[in-house]
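Residue numbering begins at 1 within each chain, and the chains themselves are lettered A, B, C and D in the order written.
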Amino acid sequence: MEVIEFKKIRDLPRAEYFASGHRLCQGCPEAIIAKLVTKVLGPHVIVVTPTGCLEVSTSVYPETAWKVPWIHVAFENAAAVASGIEAAIKALKRKGIKFKDKKIHVVALAGDGGTADIGLQALSGALERGHDFVYICMDNEAYMNTGIQRSGATPFKAWTTTTPVGAKWRGKLQVKKDLAAIAAAHKIPYVAVASISHPVDFASKIKKAAEIEGPAYIHVQAPCPTGWRFDSSKTIEVARLGVLTGMWILYEIERGEFRVTIPVPQRRPVEDYLLMQGRFRHLTKEEIAEIQKYVDEQVEKVNKMVGYTVIGPVLRL
Amino acid sequence: MTELKKWYELPIGCSNMEPGSSLNNITAGWRVFMPEIDKNKCTKCRLCWIFCPEGAMELDEEGFTKVNYTYCKGCGICANECPSKAITMKRMEV
Amino acid sequence: MLIEIRWHGRGGQGAVTAAELLASAAIMEGKWAQAFPSFGAERRGAPVQAYTRIDDKPIYDRSFIYEPDVVVVLDQSLLEGDEARNVMSGLKPNGKLIVNTNQEPREVAKKLGYKGEIVVVDATSIAIELIGRPIVNTAMLGAVVKAVKIVELTSILKVLEKRFSGSMVDRNVKAIMRAFEKAVVGVVES
Amino acid sequence: MAHRLALSTNYAVAYAVKNCDVDVIAAYPITPQTSVVEKLSEFVADGELDAEFVPVESEHSALSAVVGASAAGARVFTATASQGLALMHEILFIASGMRLPIVMSIANRTLSMPLNIHNDHQDMMSSRDCGWVQMYVSSAQEAHDTIIQSYRLAERTDILLPVCVCYDGYVLSHTYEPVDVREKSEVLEYVPRVDRPHVLDPDKPITIGVMALPNYTYEFKYQLVDALTKVPKALEEVDKEFDKRFGVSYGLYEEYMTEDAEVLLVALGAVASTAKVAINRLREKGVKAGLFRPRLYRPIPVDLWKRILEKAKALAIVDRAIAFGGVGGPLFTDIATIFANDREKPLMMNFIAGIGGRDVTVNNLIDMVNIAFKALEKGRVEKPCIYYGVRGVDYGGY
């Protein structure tokens, strides 16, 4: 790659490996992610996508949106398939049979269902075994491909079709599973949390993840207009508010070193993020306050960990 | 409508040998609103180019973005994100 | 001529390995042989059985051995109660019983109500002395080779050299030789 | 030159895999398969096999990883049994649908419940229609040679199918017997590397594992149907070439004293080996019994089977798997279907036997033949499916 570091949008490569004409929804964040990932890693990449929106919308025969080698096997096994591909590249290279003089990146592009729930075992196995690959979880916080059912990554109190708002339930009763922390618990060399609202930061993380020897995990938020109930033009705006409210903190853990890559000097209140989305429409003031309290605690933990106020206090406009 | 292929005309093993063939799928019909770029306001920041989910924002020789209306689905992200308000969404004329 | 041998031991004593080493020696000599275990969910210490078949021609029968020509008992405790019945089950009238024991052939035969050829060897003492642990399988092989003239002693030793490494080769070879020497072959008529 | 070793079938398989110079092995331990992968990891650890050994966290991942590796162009191997195969079930269809030349060995074991680690064919039979080529062997030597043949068959560009080699758990997997281990250099000449039309390669960036709608799915599936029809002839060729190089051939099936047989025992795997002893004893008494042992079980070479089976007056078909709630065992229903449109056909009896490691003895097999003769005398079958050897079960008057 010619550019060593991405500092601004103009540094991002112009070549496209994710073609137009795919069938993802208007305003879909997964398309933005797929485009950026393939752009950053260039043609020498093999992409594994488990079953999900991205898969079904980009590979319907006789069309494919992929201009890089791409494979889909099943829902729960993207990390296992990637393990096999990585092992094959290693063996074939060493034996002088194929892939001789070039570095080929292996990337899994999965949703949160395929990562947090059904694919967690395969992911854990692959991270523990230390394969040289990048696993990117595009977290839209529910099973969107089957029509908005809860996943382990669905946040507290969010409405989905299986966490409906009724007389007894007020959306999801549990908090979101912290996947990046789970990945980090494997002591892999690189873990990052990213957002499409910060494409340069995200691109740098993709690049770093690929270049680091060994497994790397990136958790990127994927605000879904269809499932989160917001207008398709607001995808990036919702993502940005996730960052600005401190609900989605952008950080990386490089060889055990934790670093917040996008500091937020002054936080916006969580309602700015929540009230943009239909899935939180039912929230009362008290419930919003409850979520705010939870976010404050999380922010506090991060600030403590880095030793200074990297994510600032809430500024009420 | 092209004729559907027979079984022996399909690629082996559920593969697709034509990378990027989704270009055959014109998605223009998906949109209700269409973006229009005011070159006078455009600062060539490329945000719309990087954010467009369709890859429908192309860069011209001068570095301006231009919309590829064959694939633009009219999501409106470009207009929403443009820092200099150079993009407006217009109702499609039917 | 087909010879069928059934091994009785306890998990950890090496009955399965003994069955396999004997088959390997026969195969090395150009014979046809089979060795296989009868596993349950047993662990170390539980009774186990293993089988060896040796023939001059290919062996097709893959069922267990119900009427053995030879029964080898690696552990004296298997001569008691239900286990004793398993040990004696189906042994052919002109068969051989080979037992790891410090008792006389007559004593053992009496306990089992057995008549016929019986071979005894104190494999436990030999193993403790020469190998350092009561793993009796190789010593028992020495007695088997002496009593059942089905493979040459040298073949067993060759197999052993391939199977073990370092000082274990020497120790096991010694154990086999000692057992070969010390095994007492007797016939109990009544 | 082969060299003769005393090997268990698990080891015989491991030696064959090593000498085929596989690139990627992904496997998970399960009784009674475990020693295959132990031996292979030893070969890799000692540098005798230059391969990546991927110690996956489940069988589902084992097959998924070899699917990935095979799609990237590697020669791959995995092995499993029982619950492990059941866990792989989803990916079995994907591997065949993707037309990947994966070779897998199965040390056949029953399925829970109750939990039991011993041999029957319930595991593979529950996945028999998954588009894989399936072969059942009856000795360690045959397992060794069949693995080698499988790579040759699987990687033929007119075939490109996954192959599994089934051998009975314990009865074969843990039985040591003489095996002529084929020389690596000769094996590699026999299984040269072949370029495939569809691999993951940045130089030719294709998409593998597409989604299809109702308008194309059936056509894609029919490709697999068609590829399987080519297997019998291809295997015959592969077997013939094996014979030329190594002096041994196995055919698509084995027949033993079928020529004038009135009753044919039909069985897969190790039981068919023991059955030869039973047939010999019956023949000594002048009983016209014979044995038919299919080696290639999927796809079924229907005409070849029929030509042999139709000569007998009665068939005693031994199944080591139960088709719960069905008509009879899988082998029985397959054979019955072969004769579905014929007026003239042998009487057919099904013996479900050897379940969960229950020994099938020479005497059991003789008994089955005798029961079939009794049915012949009566001219009809009272009870086509007999759960043979179950304490407390009535055989229907035989």
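Note that a residue touches a chain if its C-beta (ideal position, glycine included) is under 8 Å from a C-beta of that chain, and two chains touch if they have at least 3 such contacts.
Everything quoted here is computed from the prediction, not taken from an experiment.
Trainee: Among the chains, which is located farthest from subunit B on the basis of C-alpha centroids?
Mentor: C
Trainee: Quick check for you: compute each chain's CA centroid and the global CA centroid, then name the chain with the smallest gap between them.
Mentor: D
Trainee: Going by the contact definition above, tell me which chain pair has the most C-beta pairs touching.
Mentor: Of all chain pairs, the one joined by the most C-beta contacts is A-D.
Trainee: Can you work out the whole-Å distance between the CA centroids of subunit B and subunit D?
Mentor: Chain centroid spacing, subunit B to subunit D, equals 52 Å.
Trainee: Distance-wise, how many Å sit between the C-alpha centres of subunit C and subunit D, to the nearest whole number?
Mentor: The answer is 34 Å.
Trainee: For subunit A and subunit C, what's the span in angstrom between their mean Cα positions?
Mentor: From the centre of subunit A to the centre of subunit C is 63 Å.
Trainee: Go ahead and note the Å separation of the Cα centroids belonging to subunit A and subunit D.
Mentor: Distance between chain centres: 43 Å.
Trainee: Considering subunit B alone, which of its residues make contact with at least two other chains?
Mentor: 5, 10, 14, 16, 19
Trainee: Quick check on subunit D: which residues sit in contact with 2+ other chains?
Mentor: Within subunit D, the residues that touch at least two other chains are 98, 205-210, 212, 216, 220.
Trainee: What parts of subunit A, by residue number, touch at least two of the other chains?
Mentor: Residues 59, 61-62, 64, 66-68 of subunit A each touch two or more of the other chains.
Trainee: Based on the touch definition given at the start, go ahead and assign the chain network to line, ring, star, complete or other.
Mentor: Contact pattern: none of line, ring, star or complete.
Trainee: Any two chains that touch count here, so list every such pair.
Mentor: A-B, A-D, B-D, C-D
Trainee: What residues on subunit D touch subunit C, complex-wise?
Mentor: 4-6, 117-118, 168, 170-172, 174-178, 270-271, 273-274, 276-277, 359-362
Trainee: Which residues of subunit D touch subunit B once you look at their complex with the stated criterion?
Mentor: Checking each residue of subunit D against subunit B gives 97-100, 160, 197-198, 205-210, 212, 215-216, 219-220, 222-223, 226.
Trainee: For subunit D, which residues count as touching subunit A in their complex?
Mentor: Those residues of subunit D that touch subunit A are 23-24, 26, 50-52, 54-58, 60-62, 64-74, 76, 90-91, 94, 98, 193, 200-202, 204-213, 216, 220.
Trainee: Per the contact definition, I'd like the list of subunit B residues that touch subunit A in the complex.
Mentor: By the definition above, subunit B touches subunit A via 5, 10, 14, 16, 18-27, 30-31, 45-47, 49-56, 59, 68, 70-71, 73-77, 79-81, 89.
Trainee: Residues of subunit A touching subunit D in their complex?
Mentor: It is residues 43-46, 48, 55-56, 59-62, 64, 66-74, 76-77, 79-85, 87-92, 94-95, 97-99, 102, 104, 121-122, 124-126, 128-129 of subunit A that touch subunit D.
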